[in-house]
Structure formats: structure tokens, C-alpha cells
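Beneath this line is the structure, given in C-alpha cells, with notes to follow.
Per-chain numbering from 1; labels A, B and C assigned in written order.
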Amino acid sequence: MAFAAFATTEAQPQAPRKRSRIALLLLLPGILYLVLFFLTPLISLLLTSLQAPSEFGDIGMYDYAFNWQNYVDVVNAYWPHILRSFGYALAATVLALVISYPIAYFIGVKARRRPLLQSLLLVLVIAPFFISFLLRTLAWKQILSDESIIITSLKALSLLAPDAYFTGTPFAVIFGLTYNFIPFMTLPLYTTLERLDTRYLEAGSDLYANPVTVFRKVTIPLSMPGIVAGTLLTFIPAAGDYVNASRDFLGGPDTQMMGNVIEANFLVLLNYPAAAALSIILMAAILVLVGVYVKRSGTEDLL
Amino acid sequence: MSGEAQAGAVLGGLAGSEELEQRRPPQAPRRRRVGLGDWLLPVYVTIAFVFLLIPIAYTFVFSFNDSIKSNISWRGFTFDKWLNVCNVEGGAVCEAFGNSIVIALVSTVAATTLGTMIAIALVRYRFRARSAISLLLFLPMATPEVVLGAGLAAQFLAVGVPKDMLTIILAHTMFCISFVVVTVKARVASLDPALEEAGRDLYGSPRAVFWRVTFPLLVPGIMAAALLAFALSFDDFIITNFNSGSVTTFPKYVYISASRGIPAEANVIASAVFILALAIVVIAQVSRAARAKRLANAAG
Amino acid sequence: MSGREFAERGADLELVGIQKRFPGFTAIEELDLTIPAGSFFALLGPSGCGKTTTLRLVAGLEEPTQGRILIGGRDVTDTKAHQRPVNTVFQSYALFPHMSIIENVAFGLKRRRMDDPMGKAHEALKLVELDHLAQRRPAQLSGGQQQRVALARAIVNRPALLLLDEPLGALDLKLRRQMQLELKTIQEEVGLTFLHVTHDQEEAMTMADTVAVMNKGAIEQMGAPEELYELPRTAFVANFLGKSNLFTGDVVGTTSEALSVDVAGHRITVPVARAQRHQGLVTVGVRPEKVALHLEAPDAASTRNVLGPGRVIDVSFAGVSTEYIVAVPGAGTLSVFAQNVGFGPVAHEGDEVWVSWQVEHGFGLADEPEESDRFPADDDTRSIAVQRREALISELEGS
């Protein structure tokens, strides 16, 4: 996991060396690149978010200003989208966790004795990565569309109301987000569960704990790093996603998320300050949430 | 996002070194009683995998659909789309696919080079501002793609750089670097420092030690990182969408065509890429297993 | 690059006033050491005593804070590892996993651009009887074979000085004994100077001509193995090299031959020549196997020290010998090793016994025993290195 990988930097059993000139040469190009194309853009974004429309300019012409009003405007205009983004992302994260945990447990613990099965299942988990995620999402749209076999047969069997529909609903968007991020959840969970020493579980049951208690008191706490990493890896991209919620995919007019309005404002309406202000809000909210979450779950060393 | 870092490791089947195998905890003896969990879990996992693979199967099946324009309802089986991929819409699919390949190749080379250098420096050298650099590498992975995309687009707008292939490559290289660093760093950290010391001890100058000992040992990690960067770049849509201007990549093509229906040719390309990637992974895994077995036999 | 030539024979090594400080602690306080050419020298000590650091300083993998390192009279302190006529057999062997065995062995020769590196490498492999595996990869070899390849890879360069960093630590006991003999034979054959670092006292004593016992960054005592064992000068050496029974008391009488020590009312006599201190509070001792156990009070004799009566508080039968732990009121507990010449132990727990030993077997120490002096001898140098670096890193991060 990236999160864990960064934690291990401090305890490398490597001899410190003095030749920092070489270190500088190695670091400089990459770091400069990130400063130029990651850090500076964030500052550009911040500056753009404070711009005001040019007085005599065309649409899409803005001047640098300190127009804090942009933030008030976007929150007033888009607060449902903001709430939806975090609501959908939260729901998808919880669902993905519930669905992924047994999968990861099975691959990491139960399949340990069979390495071939284990690697086969791992390949299957990441298999969706090999096919364009837009096509995967579109496939679901078509599989679950009103005219699809599944929906029509459900209706024929009266399991679904005749006027019921799936695509375009919040449920469909959450479904799509969940589906798309299951591999992101499963892999970090698998990594921690794979290292789980099953003797702890036996010690637990040896000490008169029933399987449910063992799971709650031993397995879950020991797999906490994987849970934290997996939920972050799901929540962050899910909150910023706009493909699933897009009208052409699984969403509808009432399911638009922040990503959709950022895209629309930036690429269609050319309202750059609004798009930038929304992006800054999204990023700030995610950083705060992640910080609080990591602190609360007692896994600061992950960051 | 960095779940894909592991995906990359599995994907290459290369970063997984033999040392990792040994760190596996001892296994519990087989349980005596066959309980509810013993069949419930496998059944659940089977269903979950079917669920995971449904859209892939759908995409694959519909690449054989004898569709006319949009590829929504089944109209009969044909190989035509596989044989004439580039014939639709004046080859727009193939052009987008070609763009994606070029972009992915260039940004993979750039990101792998820059990221590998950073990874080596991070593990091997002590310097001030270390935590600041770690943060700078971590943040792009914790930032939603839409923010990365909008930020770069705002910058290109402010500087007045026209959006084209180059801006896409610049953007992709940026978000791939962190993933390369994470993947390669794991490999550098797992290197036994005694190997390089042995190189120095055996009259190897610093340059000779790096190129004859360190670098060859890092190659599997670098390969895995490069595969990961390629996959990330090839499948990226959100960041591309903000920085592509009029250039179309394969994911962008799918996004644009989504409203009017995707031609089956897109399914053909996606399926072909899928099969190719799967084949690479399976071959890598099988050869790794075979190698491990051979080593075990020879040493035994 | 030093010397395109092979060293004809080993060179001597001289360490002058070496000090090595790491941020936060001192690994080597003050070290002066001369190892004559062609000798097999062992540095013996517990974890963290500074022996591995000493080795790494000689190899050029660390730089001393102070002092000079001379090899064959030439000052190499400021040269880098790859410029020193020194080769190391690493504890983990450190064979390059991406190269074949023969490429591993030829690595150093190629770096020095020697003629016919492959031919020389094959010859070195023949010396360790592994030439038939030349094309294999290290991972395909057993631990003992890898160890021999590591040795061949080092000696093929004919270094003036060969450093061995616990090279046998990873082998099982039987293989270790066998490799000890082989190493000794090879050293005699090639005539190089060997500097061997180990925490295994038996290994040091069976292989080396000279053993230096290191503790807390300094050499406590140096000499031939028998000398160190029979006449330890410090409590640390007395306890690290085998076991000792130690008693502390005041000197109450001195003749030209012997001194008498009063240990809680018991009088113990030690030859003057075998005692480091001759007055005041001194610590004297005797090895457990030199002590005899008596079921009845023995006759007093001026040539024997007698303690008793005491009680047997523990008996552990180990087949070839039996160890009795005897508590003598006032004098503390003693350990007695008795050969199993009859059938099993002669005394049992709770029995009243006396112990005695010949005066000439006793020794007097230069210091007093400290509780903390005994180190667990089973930590390997690798774990020390890791601990040390972690300490160092946390120090660096903190500053």
C-alpha cells in the first residue's frame, strides 16, 4: 500500500551516507517535476478560485482578484452535489468493505495452503483493471437498463414494479462506484490478511472466544491497517468520480456529484473560478476527513 | 489508488521476490470440524467473482455483436469487428487507441526514470526536508483525480499552453511518478545492503557497483513499476479529459461516444488489451512458480 | 586501485588508537591492535562489543572517528573499500543472486582487470571443491556450498588480509565443525592473514592462533586460546570464555609464592604468579572442571583449597559429565563439572558435600565481577547492526 509504504521510510536498516550531492542529483528532476506539475497547479487552482470575471471580457475571461464570494456562490449553488459526493462515496466505501473483506479473507487466509489458487484469485481480483473502466461501467448500464433481460424478467416475475427503473438512480451510482472500487479495497485488505498469523486466531479460540468474538476482537484489529488503506483508496477517488454519476453512464439529472459540476463548469460553462473553488473545497474536505479518520483509527503511522 | 501499486506487483508478477515468500507466517494445522463457514465462504467468493467478471464478459461477448452503429442489443455473432477494427468512423477508435499507446509509452518512460531516481535517493540517502518530500510524493495519490486534472488545466490556461498530446503526457507523468516511487522503493528497501558492500569490497568502484550489482537487482521492481505506470496512463480518463484539448485517447473516445452508443470496435480493442494483459500476468506468474520450484529442487 | 598484483603472502594489520563514534553511542572506545602477517586471528565477543564495527573499519565500509589503519605498513585509513587489498566473507555470504557462481567468483578479478579471471576463478572453485557447480545460481546451492563460494570469491583475489564476519553462523553445528577444519586448512595452504570475527568461543578457540576477547568497545584480553582459558585476567573473560567460579574477598596473607584471600571466613589460596592484584579486595576464581566434589570432608592440605560443608542444590546430568551446583554458606554457589566415570551422578540434591581444587589451578582477576557483564552470546552481528542503525536513524531524525 502506498500509505504503508511511506511509513516504512524511517526505519530502513541502511547506513546513512554523507554524499548528499548524489541524493540531490537523484531527487532534483523528479521533485522539480512534481513541484512544477503538481504543486504549482494546486496554487494556480487556488488563485483561479478567487478570480473575478473580466469587466469587459467574453465568457471564460477572468482576472486575478480576491473574490472570496466565489466560494459562497458555489456552496449555495452546489451544496446538494457536495453532500451527494460524500454520501455516495461513504455508502460505496462501506459496501465495498463489506463485500471485499470476505474475498480478501478467503484469498489471504483460507487459500494460503494453495499458492496456485491464491495467485489465480488475485489475478481475477485485478482483472477488471485490465479493461477500460468506462467500458465496464457502460456494460453495467446496458446489463441493468430498462430494456435489459434482467430488468424485464424481474418485471415479468413481478419482483419489480412495472414502472421501476434502475439506471439514473442514486442506487445505480452507488452500485457503480462500489463495483469499480472493490479491487482497490480488496488488495490492501488482502495484503494485511495475508500476513495475519493464524496462531493468534487459535490463541483466541483457545482462550474461550467464540468465532464471532475472535473475528471481532482479533482478526479485525489485526487487519486495521488494511481496512484504513482500503477505505481511503476507495473513498478518495469515489468522492471525486464523475463517470459513474454521469448521465451517459449510471447517473441521472438528480445524481450529479461534485466531479460532474467541476467538469461542467470547467469544460462546458468555462466558469473556471467556480470549478476551481469546488476543487479546492473537495480537496480540503478530503484532507480533513482523511486526517481525522486516520487519527481516530489509531493508524497515524500509515501516513 | 495505490491499490494499483499492488496490482502492478501482481501484474508484473515480477516484484514479488522470493524473500517475500519466506516472510509468510506459519500455517495453522487443518481444522477438524467442517463448519458453516467452510462452505459458505467459498460459495460467497464464487458469487463475488462472478459479479466482478460480469462486465468483462459482457464487453467481450459484445465485441462479436453484429451491430450496425451502437452496440446495445444483440444482433448476431460476427468476427467482422475483430477483423476490421479500424474501419469504423474513419478509424477514430484506432486513432484514439494509438494516441493512448503513445501517451502511455512516453509517460511510462518519463515517470519510471524520475520515480526510480527518487526511490533510490529516498532509501539510500539521509537528507533534510525528507518528510516534506515524502508528503509531496504522497499527496498526488491522496488527491482526487478531478482536482489534479482541473489544477493542471488551470495552470496550462494561466500560462497559455495549448492543450494537446504534450499536456496529456505531462499530466500522466505527474500522477504516475508517486506510484513508481512506491513500487521501486519497496524493492530498493528489500535489497540486502551487504550485496553492495560485497561489490565495494571486491574492488568495484561506486559506478561499477551501481551498474553491475544494484541496478540489475532493481530491474524486477522497475519493470513492475513501469507496467503499473503504463496501465494507469492507458486507462486514465478524468485527468486526460481536463488536459487533452482536441486530442482523443481511448477512454476519452468511449466517454464521448457513450451518449450515442459505443461501436463494437471499442469492445474489440478493450477485449484484446484485456487478453494481452492477462496473458502477460499469467505467463509471469507461471514462470515465477516454475522458477521457484526449480530452485527448490536444485537446492533440496 | 591498489596493487594489480596478487599478494604473495598475507600482510600484517595494525590498528592505532582507533575510535569509532556513532551519533548517540560509541562503538569502539580506544583500540590498538597488531595482527602479524600469516596469522589466524579471532576477535571474540558478545553482541554489541564492537567486533563487527572493527571488521567494517578494516574493510573500509566504515570510517574511524580517530586513529589509523595500516595494512602491511601502508596507511589505508583514507582509502575506500574498493581500493583496499582486503576481502570479506560476509555473514550472509552476500553472493550476487543475479550472477552465476563463476561470475561471482570472477567479479573482483574483473574489477581489477586481472589476466584470465575465469581461469583463476575456476581454480579458486576447485580449491573449495565446487568447480562442478560453476554455472549454477547462488539460490540453487545449499548453505554450506554458498559459504564456500563466498570464501572462494574472497580468496581468489589473494588479499593481503581476509576478513571473516561470522561466516559459519548460519550453518548447522555439524557443517560448522567441518567448515572450521576446512577454513583452517585453506588458511595454512594459502598463507593469508585471516581476521575472524565471531561470538562463538569454541569456534574462536579451535581455529585461531590468537584470540582477542572484546567487550564494550575495547579488547579485554588477547593471547593464545589455552592461555586465555587457563588464565583469564578479567571477570568478563573468565565468564565469557567458558564458566568460572568467582569469589571476592580481602587479601589476608602473602608469601613469595601465594596469596591468601578471606572469602566470608573461608581461606582461598592463589599462586602469586597467577594473580593480577596482590592486595586489598581481589576476585579469585577456578574453572568448574578443575573442582572436585567430596561426599566426606577431605583432609586439609596446603596444596588444595577446600570449601565446605555445602549442599548440592542442583544436579544436571549431561551424559559425558554432570554439573553440580553447590551452595557453600558464605562463599556463594559453585559449579562443579565431574566426568561421568562411574554410573551417573555421585551426589544428589540436598546432599552435604565438600569441594576442593589444587591451588595452582586458581587465578586472580584484575577486576570484580559485575552482574551486567554477562551478555547473551547468541545474538548475531546482523541484529546488532540493525539495532545500531535504528538508533542512529532515530538520532538523525531527531536532530
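Here, a contact is a pair of C-beta atoms (placed from the backbone, for glycine too) under 8 Å apart; a residue touches a chain by one contact, two chains touch by 3 or more.
Keep in mind the model is a prediction, meaning the values are calculated, not measured.
The most distant chain from chain C, with centres taken as the mean of CA atoms, is A. Think of the whole protein's Cα atoms as having one middle point; the chain whose own Cα middle lies nearest to it is B.
If you average the Cα atoms of chain A and of chain C, the two centres end up 57 Å apart. With centres taken as mean Cα positions, chain B sits 17 Å from chain A.
If you average the Cα atoms of chain B and of chain C, the two centres end up 52 Å apart.
Of all residues in chain B, those touching 2 or more other chains are 126, listed in ascending order. Counting partners per residue, chain C has 393, 396 as the residues that reach two or more other chains. Those residues of chain A in touch with two or more other chains are numbered 12-16.
For chain B in complex with chain A, the touching residues are 1-7, 10-11, 23-28, 35, 37, 41-42, 44-45, 48-49, 51-56, 58-59, 62, 72-73, 114-115, 117-118, 120-127, 130, 133-134, 136-148, 150-155, 157-158, 170-171, 173-174, 177-179, 181-182, 185-186, 189, 193, 231, 235, 237-238, 241-242, 250-251, 254-255, 258-259, 262, 266-267, 270-271, 273-274, 277-278, 281-282, 285, 289. Those residues of chain A whose C-beta lies close enough to touch chain B in the complex are 1-3, 5-6, 8-9, 12-17, 19-20, 22-24, 26-27, 29-31, 33-35, 37-42, 44-45, 47-48, 99, 102-103, 105-107, 110, 112-113, 115-116, 119, 121-140, 142-143, 145, 147, 179, 182-188, 191, 194-199, 201-202, 211, 229-230, 232-233, 236-237, 239-243, 246-249, 258-259, 262-263, 266-267, 272, 275-276, 279-280, 282-283, 286-287, 290, 303. Every residue of chain C that touches chain B in the complex is listed here, in rising order: 1, 59-61, 80-83, 86-88, 90-92, 94-98, 107-108, 111-112, 136-137, 139-142, 153, 157, 393, 396.
Within the complex, the chain B residues that touch chain C are 18, 126, 192, 194-195, 197-206, 208-209, 212-213, 216-217, 295, 298-299.
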